[in-house]
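What follows is a group of structures, each given as structure tokens.
What follows is chain A paired twice: with chain B in the first complex and chain C in the second.
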Partner chain A sequence: MQKKHAWFNNVLLFVLSLVLVLPLIATLVNSLFRDFTSIIPKGFTFSFYAELFTGENQILPVLLRTVVIAVIPTIILLILLLLAMYAIQVYFPKLDKYLDILSKIPYGIQGVILAVSILSLYSGGGGILSNRILLLTSAYCIIILPYMYQGIKNALVTIEVMPILEAAEILGANKVYAYFRIVVPSITKGLLATMLLSTGILFGDFVLVNILAGSYYKTMGIFLNEIRGSSGHAASAVSVIMFVVMLILSFGVNKLNKDTKSKRKSAKAIKTSHSKVKEHTNHELYRV
Partner chain B sequence: MASKRKNLSYLVFLLPFLVLIVLFEIFPLVSILINSVKPVETAGFTLEHFTSIFTSEYYMMSIRNSLMIAVFSSLIGLAVAVIGAYAIHHATPKVKRFFINLINMTSNFQGIQLAFAFIILLGNSGVLVLIGQQMGVDFLADFDVYSSTGILLTFIYFQIPLATLLMYPSFDAIHQEYKEAAMLLNASNFSFWMRVGIPIVLPSIFGTFSVLFSNALAAYATPYALMGNNYALLPIRISAMFTGDVVQQVELGSALSVILLLLMSVMTLISTNLLKKMRKEG
Partner chain C sequence: MSYIEFKNIKKSYDGENLVLKDLTLSIEEGHLVTLLGPSGCGKSTLLRSLAGFESLDSGTITINGKDITNLPPGKREIGMVFQQYSLFPNMTVSENIAFGLKMKKLDKTIIKEKVARMIDIVDLKGKEATYPKELSGGQKQRVALARAIVNEPKVLLLDEPLSAIDAQLRKTLQKQIRRIQKELNITTIFVTHDQDEAMILSDVVHVMNQGKVEQSGKPTEIYTHPKTHFVASFMGNYNVLAPQQFEQLSGMKKDANIAIRPEVIDSSKTPFEQDEERYTLAGKVVDQSTSGNILSYYVDCSGVNLRVDELYRSFNLFKVGEEVHLSFEKRNCLEV
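Now for the complex of A and B:
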């Protein structure tokens, strides 16, 4: 019964694929041809890309800036969360549910509201808190909090944290030392996957940067929005470059997750009662 | 006693995280709530911002537009995704893997990029519009991407990959054994889906719908890239009120934000309650 229908479903998926990649293909073609006003484009050229790397309005500094602002919040939040989760797991287990709630709130706030509320609260005040780049960095930390929290938690589930810490203590090492020298290094891959995922989310951001720091800190999103006023072809090239970077990031996430998944499975088999691993939170719901 | 003091000293580990959360999550949220019921320029309590929103044709239009686009883009996106997920469930493994990779890929392509791609395809001199004119296809030739229809179309486009990613795992819960058992009991394909298949995926459908709805309601980059600040949509209006160069209407903007937050919470509450009920019955 199933075999008979397989070809029909395959065709259905191919048609759907075609429809879904149409905007992508249009952008790619528009970035490679001078004239894209009929089905068959004319005037193949790489000059729109070359222009971006050699011309007056260079993309490289923008790309670098975007990577910096997308990576730094993930590092800051990783450190803060690891410290907080350590303290909670070892000394204040009762606080765990509050951490859980606090980490999920940003999910419900969504970008626009977070951005405008931070802007109205701090931008007028003067002093260090009104620095737009600081505001943007902090807002980014909040936006990726749900994903980072869940990711770190999933990674920590793969190993027995408490027995390791206790064993280390018996052997004379203190718990903090053991946590950062044994526990954290052994979940590096999971942490890296989470950070890459968050970086990808921030890399594609437009909402927060446009509201909080559009004229102070030009990222790829802002750059794309600016350049499309002057040249559609150049803007297409920017869009393609942006897409390629995000593709590389999500490829990295998948690769790292695949590596940890086998590990997680064996860990799960040993301690099923301990905790349920939630995996479906990986979908990036926010970036629109 | 000594160990207790030692424990307290570990609060230092919590402190940096708490500072971040309080300054940039709690305070902003509270300030939005306070500003929405605060009279302009003075302290006190007032509901005038809400009444002026509910009596203003323009703001009501933003709310209506937002709701309409969120509901329709979610419904259409979900419908396509259910068909897609059904097809994934029945397709050959190679095609299945290919398609899942593809939707993963296209889910990266959104916001400004997606809006811009639609301008290339369907803008004033978009390639599909020109083709439509040459071939006499009125639907394409007259398509206006800078309109509600255009925004709806772009929204549907980013909803489909997301919805499919959320939906397809639930179809895996329909095991082949169920079908065989149903066949042995002489059930038709139709009655199998009505009595077994759909009830299994229904909770997923509701859950996905609520995610899509919130996602569309708060979407900012795509409509902004298409129409700038000139379209009556909640997120666009809210941001314009806070970033306006001439007049900023922080209080009114806060009230609009509260409405947006409420709309999303109501949706989430309804769907979680429905899900709970279904689990109990199932």
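Now for the complex of A and C:
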């Protein structure tokens, strides 16, 4: 009976994986062949990729700009939300439900409406608030707020925040120190996953960046839109590169997380073995 | 003068219902005292007030004559072991234990030495580089204990530290806690709702009920001489009889409730000889249960139910429905 189920589960998993991977494979094939109008593609080439890195319209600066504009709002919002959640957990627990509602509002705002509203509010005013990059960064913070908030909240649920803060407090630490030294590092995995999700959302944005900063700050979304008109194959190559960059980012962050933990662990193991003192049978603790 | 003194402590969470009702309590230096009571009686609130996590509506707390009522938790020189362990998940066992010493900015060599000694005391050698999630419940609790005492606190607080641990391991940890407390001679306050645990561990037990201390004393004293109805019903399994029930049984008029311990009642298939110092009655076994080596009979004596405990030395002495004769000394009938 169980074997029967296992077989069914495997087939289901395979079909789902195929559905998810098929568009990616098709995009990859389209970027590597000159002709993909029939089932068997013809004319294998790397020229669409080579063109992106050597031609007039180069992808690298655009890629760099996109990474910067996708990562910075994520970091800003992470810091803001961590501080807000600290204040709520420690001092105003009753406000939690309001933050919950507020953080969900951006779900209901269309990108176009948000961008046009922001432009009409700030663009004519001059001064720092009308700076296009600042507008874009702030708009991105709003867009990813629901994902970041929920992600951080879920991560915080996995540990007992208040008892940990109290345990640290009675040992002489202040609560803010304990929060950023103990609580936040304890939920790194959850935070990184949340940041990756948000960065991924911003990485593929076209609507907001096009309206708010189109010609000022060309990102991958705009670049893809431009190149789409001239060559479908090149557009596929850009999509593949975007996918690979996100993949590398995910792996990099994951590896960084694992390496830091294992290095810390082995370092501590060495330290303790060095520091092991002779056996004390009388436990004269208070003589030290 | 006592080492720790709570004077006229009042505390409420909503401004109306007092959780601690004008509570006054003294604790001697070097003692392990237990705050014993049911859930919601205020024992944890009292402990948290001493730790500095709860502000008081009124009253003062002093340790060794020093008023600590308004001091922040970190300045009170108190160590605390929490019910949920509350270990720092991102730190190893050594780092957890060293945390308080680092906060004190002690020299690294001293920190290493103290941590190593603590690990030795709580018997966690080989686990120094282990993270809390890789430890068992008992090991976590020992790390929490080591972390609390490594700072050499004046007072150690234990807030139901063994409630999430299985019965067998709990016994071992109870012994360890008592051993360490005696070795280091730390004044310790242990909060529990388990009367057996309180009896095993404590020098003094304070039984709490509805925000007040009902009775304080040595464990045997509390057990054998409960002063109130609540203490009699909470400690052990006293038969607490209303005055009219007692009169029904013995023919004696009393003004107060009478408490009789189940183990002081003798049982027999044949009638007991009349004795001026004893009450003798007859009844019928209505139910029975066993708990370890104790066999408990529930006997109906003229409409009054009595629990009678016997050591389980042989197979069931009485069957349900069987007639039984009971006898107990008059001096074992305590007015509560």
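The rule we apply is simple: the second predicted complex is superposed on the first by the 207 of 288 C-alpha atoms of A that agree within 3 Å, B and C clash if a C-alpha of one lies under 4 Å from a C-alpha of the other, contacts with A are read in each partner's own complex, and residues count from 1 in each chain.
One rule holds in what follows: a contact is a pair of C-beta atoms (placed from the backbone, for glycine too) under 8 Å apart; a residue touches a chain by one contact, two chains touch by 3 or more.
It should be emphasised that the depicted structure is a prediction, and the values quoted were computed from it without experimental measurement.
In the overlay built on the shared chain, the residue A:S120 is in contact with chain B alone; chain C does not reach it. Measured by the number of chain A residues touched, the leading partner among chain B and chain C is B.
Legend: residue contacts after superposition of the two complexes on their common chain; A:I182 is shown touching chain C, with no touch to chain B. In the superposition on chain A, A:A235 contacts chain B only, with no contact to chain C.
Applying the stated contact rule after C-alpha superposition, one finds that A:Q150 touches neither chain B nor chain C. Judged by the touch definition given at the top, the superposed model places A:A168 against chain C, while chain B stays out of reach. After overlaying the two complexes on the shared chain, residue contacts for A:S38 are found with chain B alone; chain C is out of touch. Of the two partner chains placed by superposition, A:S198 touches none, neither chain B nor chain C. Within the superposed three-chain model, A:P23 lies in touch with chain B and out of touch with chain C [touch as defined at top].
Overlaid on A, the two complexes show chain B and chain C touching the same residues of chain A, namely 280, 283, 285-286, 288.
Residues 159-160, 163-164, 166-174, 182, 185-186, 188, 265, 268-269, 271-272, 275-277, 279-280, 283, 285-286, 288 of chain A touch chain C in their complex. Those residues of chain C lying in contact with chain A across their complex are 51-53, 72-74, 76, 78-80, 82, 84, 86-92, 94-95, 99-100, 103-104, 110, 112-118, 120-121, 128-129, 131, 147, 149-152, 183-184. On the side of chain B, the complex with chain A involves touching residues 7, 10-11, 13-14, 16-18, 20-21, 23-25, 27-29, 31-32, 35, 80, 83-84, 86-88, 90-92, 95-96, 98-99, 102-114, 116-121, 125, 127, 130-131, 134, 157-158, 160-162, 165-166, 169, 176, 179, 183, 189, 211, 214-216, 218-222, 224-225, 235, 238-239, 241-243, 248, 250, 253-254, 257, 260-261, 264-265, 268.
Put simply, chain A touches chain B in their complex at residues 1-2, 5-6, 9-10, 12-14, 16-17, 20-24, 26-27, 30, 36-39, 77, 79-81, 83-84, 86-88, 90-92, 95, 102, 105-106, 108-121, 129, 138-139, 141-142, 145, 200, 204, 206-207, 210-211, 221, 224-225, 228, 232, 235-236, 239, 242-243, 246-247, 250, 254, 280, 283-288.
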